[in-house]
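See below for the structure under consideration.
By letter and in written order, the chains are A, B, C, D, E and F; residue numbering begins at 1 in each of them.
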Amino acid sequence: MFLEMPFDDIAIGACWTSRGRTITETDIVLFAGLSGDWFPLHTDREYAATTPFGARIAHGMLVLSVASGLIPLPVGRIVAFYGMDRVRFTRPVFIGDTIHARAEVVEKTLREDGRGLLTIFEEVRNQRQETVAVFTARILMQR
Amino acid sequence: MFLEMPFDDIAIGACWTSRGRTITETDIVLFAGLSGDWFPLHTDREYAATTPFGARIAHGMLVLSVASGLIPLPVGRIVAFYGMDRVRFTRPVFIGDTIHARAEVVEKTLREDGRGLLTIFEEVRNQRQETVAVFTARILMQR
Amino acid sequence: MFLEMPFDDIAIGACWTSRGRTITETDIVLFAGLSGDWFPLHTDREYAATTPFGARIAHGMLVLSVASGLIPLPVGRIVAFYGMDRVRFTRPVFIGDTIHARAEVVEKTLREDGRGLLTIFEEVRNQRQETVAVFTARILMQR
Amino acid sequence: MFLEMPFDDIAIGACWTSRGRTITETDIVLFAGLSGDWFPLHTDREYAATTPFGARIAHGMLVLSVASGLIPLPVGRIVAFYGMDRVRFTRPVFIGDTIHARAEVVEKTLREDGRGLLTIFEEVRNQRQETVAVFTARILMQR
Amino acid sequence: MFLEMPFDDIAIGACWTSRGRTITETDIVLFAGLSGDWFPLHTDREYAATTPFGARIAHGMLVLSVASGLIPLPVGRIVAFYGMDRVRFTRPVFIGDTIHARAEVVEKTLREDGRGLLTIFEEVRNQRQETVAVFTARILMQR
Amino acid sequence: MFLEMPFDDIAIGACWTSRGRTITETDIVLFAGLSGDWFPLHTDREYAATTPFGARIAHGMLVLSVASGLIPLPVGRIVAFYGMDRVRFTRPVFIGDTIHARAEVVEKTLREDGRGLLTIFEEVRNQRQETVAVFTARILMQR
């Protein structure tokens, strides 16, 4: 995986696709409890049935959190998870959907402090290869 | 809180500050397990002691997730959590820090489908009023 | 919600109805683990099928605990959750049922220490508006 | 333990004392997440330090829930956990306190349907033998 | 149960059968998060469907862990859980299966330090009485 | 890591050492709840203080479970986790200890069904490089 390579060796355009993970009712209940976000679209079956989605869906932040775990950062060269840009939730994730993440290197910047800033475009897809979320991650690396 | 008002009544510049929540070791362990992100800066005390941070810190995504729960979305007018822009993790959150979130309305856009897109600048601060994360949230509302 | 008002302004007979929450298999498994109550009516599908209920049901204490979260106590005026009287579990809550809580002020007492004791009758109902639990909560408030 | 005996053999005045369990920060965080009760006296260290308690305390419902697990109901004769009367939270439970429960049979009633209603007075104590909660449990048994 | 007897009174061949516990999707998700074992046979529904098992199965270590909880060790005489021999996972445990454990005393050894080493053969079975795991546990006891 | 190689290429004596993970009070509380094993040496601080260990220690099965997650099985060639032999818990793991796992290939056997049985000796060590548990894992692989 490209994150295991030294910053200078990582090629723009390098790609990596993760394993899958099924999003369960348990994940949604646990995330509601951990985040404190009880919005009824995620936690009330009766309410969710009355929305255009028709059923409970995963929190957007849960989808991002799972994606962050699917793309493991190797120890050693990573300094910090710096931030994200243009995070968009493009489709609902329902209970039982299986998502995976795809990461592509889109930019490399040398910073004045000698570190490298890696820009990665990440796409989260479900089992039908539909994109459910996209974002651009910024990761600070040692050189 | 401004999210409880109709879209047309929400004023640019309206602000709201949440209650606080202490980030515990438990939150970090639960988030590692739920996200699958076991980066040792969050889960290995010995490793974390060797980094510039000096101790385990909360995952950036955990801080965002807790912030999303501290700013509750009211039922009725909210259509969807649309996305985020310029998410930045500006300071570490250590075990025992107490964070709260501050939200300010920065933009309102009418969409062609008749819905309103609300842009909110959110700042997460610790008990010393230091900013630990910032992001711009986009929320789709009924009018 | 009446608990956000000063003690002296709260009217006998004031009512409030909460959002709903679906009780999932996850909630029952988590509650068994947290409470240590593994009574097989809650945790053994085969055993539960042989009882008059016919299926696993939620712990009574889980129903009460969820109810306590559905009726949020505002910060500032609440001194303590003093106690409960006449707690009765009147119908089973099955996996997938969605419950909400209804609170009604039934009594206000001034205590010698100058604080107010608020007595609230709470009713927990499922999605068919059947009462599954009732209790009388006693809340100590600043005046 | 008296609950393992047939209803007719249980003596008024029979007592049983449970093992102990330490209430951890984890229990409070998990209970906040499961119940949805984020009252800051339980979840905000800074706020709790400003109250007469001086530190975060366990939710009253968590104390009851743990007590219900410390006094295991045997399979076979128990029909249902019928309800509770006069639940009182008499002292705070702090993180690190170790509680146990003591149960004493105070009443036996034969119901018209041929079942027995057992009334048990329960006392939850901490490691200094101070009473932190009391309640009267009603349990319906086969004869 | 034989573990509640003094070491010298425990008979070779003594048996005990536990209550049952249904293995839920929640248990598998929680165990993946607690152990960090995300092998897709346990966590990816799509992948699991392509294996000979045809569906997600419980981690072997989860089955052992649940078995250890089904056979409670009494306080007082137990010094330590010393180890296990010949642990074998003989059949898959699927979501919804209900397992119980059966323990049989197969050996008693007096150690030079005056303690007793009890050897117990444990069998975990599902609701169809099929054996899903076996192991031999070694428990160190006071005499 | 050797498990990522084809069975025929794996060398006897090949070694791999995992990242570390700090065992927290949270892990012990979660494991007690998931396994149902409330033995007071793990869950009662007062009791644990009276034992030779002097403080609460992690469940042996928790140590094994964490070890199983520290040594990830790659998808594709692994058929099943077949079993373990000679599992021994050699030292206590206290809250705050950081453990890692070391795996060494000790045997390869061709089975009649054409599959390979890999025997791995695993050692779990704490931050002082003391061995806290050992076991021999048997893993069934495709060839």
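Keep this in mind: a residue touches a chain if its C-beta (ideal position, glycine included) is under 8 Å from a C-beta of that chain, and two chains touch if they have at least 3 such contacts.
Worth saying up front: this structure is predicted, and the values here are computed from it rather than measured.
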Original post:
Expressed in steps between touching chains, what is the minimal separation of chain D and chain F?
Top reply: 1
Original post:
chain B and chain F are the same sequence; what rotation (0 to 180°, nearest 5) superposes their CA atoms?
Top reply: 120
**OP:** Give the chain pair, either C-D or C-E, that is connected by more C-beta contacts.
**Re:** C-D
Subject >> Equivalent interface to D-F, taken from B-F, A-D or A-B so that over half of the residue contact pairs match >> reply: B-F
Original post:
What chain lies farthest away from chain E once each centre is taken as the mean of the Cα atoms?
Top reply: B
Subject >> Rounded Å distance between chain B and chain D, as computed from the means of their C-alpha atoms >> reply: 36
**OP:** Calculate how many whole Å lie between the centre of chain D and the centre of chain E, each centre taken as the average of the chain's C-alpha atoms.
**Re:** 29
Subject >> Numbers and ranges of chain F residues touching at least 2 other chains >> reply: 19, 21, 25-27, 30, 34, 36, 38, 40, 47, 75
Original post:
Mapping chain-to-chain touches, which pattern fits: line, ring, star, complete or other?
Top reply: other
**OP:** Please list, in label order, each pair of chains that touches.
**Re:** A-B, A-C, A-D, A-E, B-D, B-E, B-F, C-D, C-E, C-F, D-F, E-F
Subject >> Parts of chain A lying in touch with chain B, wherever the complex brings them together >> reply: 21, 27, 30-31, 34-40, 47, 59-62, 64-66, 68-70, 72-73, 75, 78, 80-89
Original post:
Touching chain B in the complex: which residues of chain D?
Top reply: 25-26, 29-30, 38, 40, 43-47, 56
Subject >> Residue numbers on chain D that touch chain F, as the complex places them >> reply: 19-22, 24-27, 30, 96, 98, 127
Original post:
Which residues of chain C touch chain F in their complex?
Top reply: 30, 32-34, 36, 38
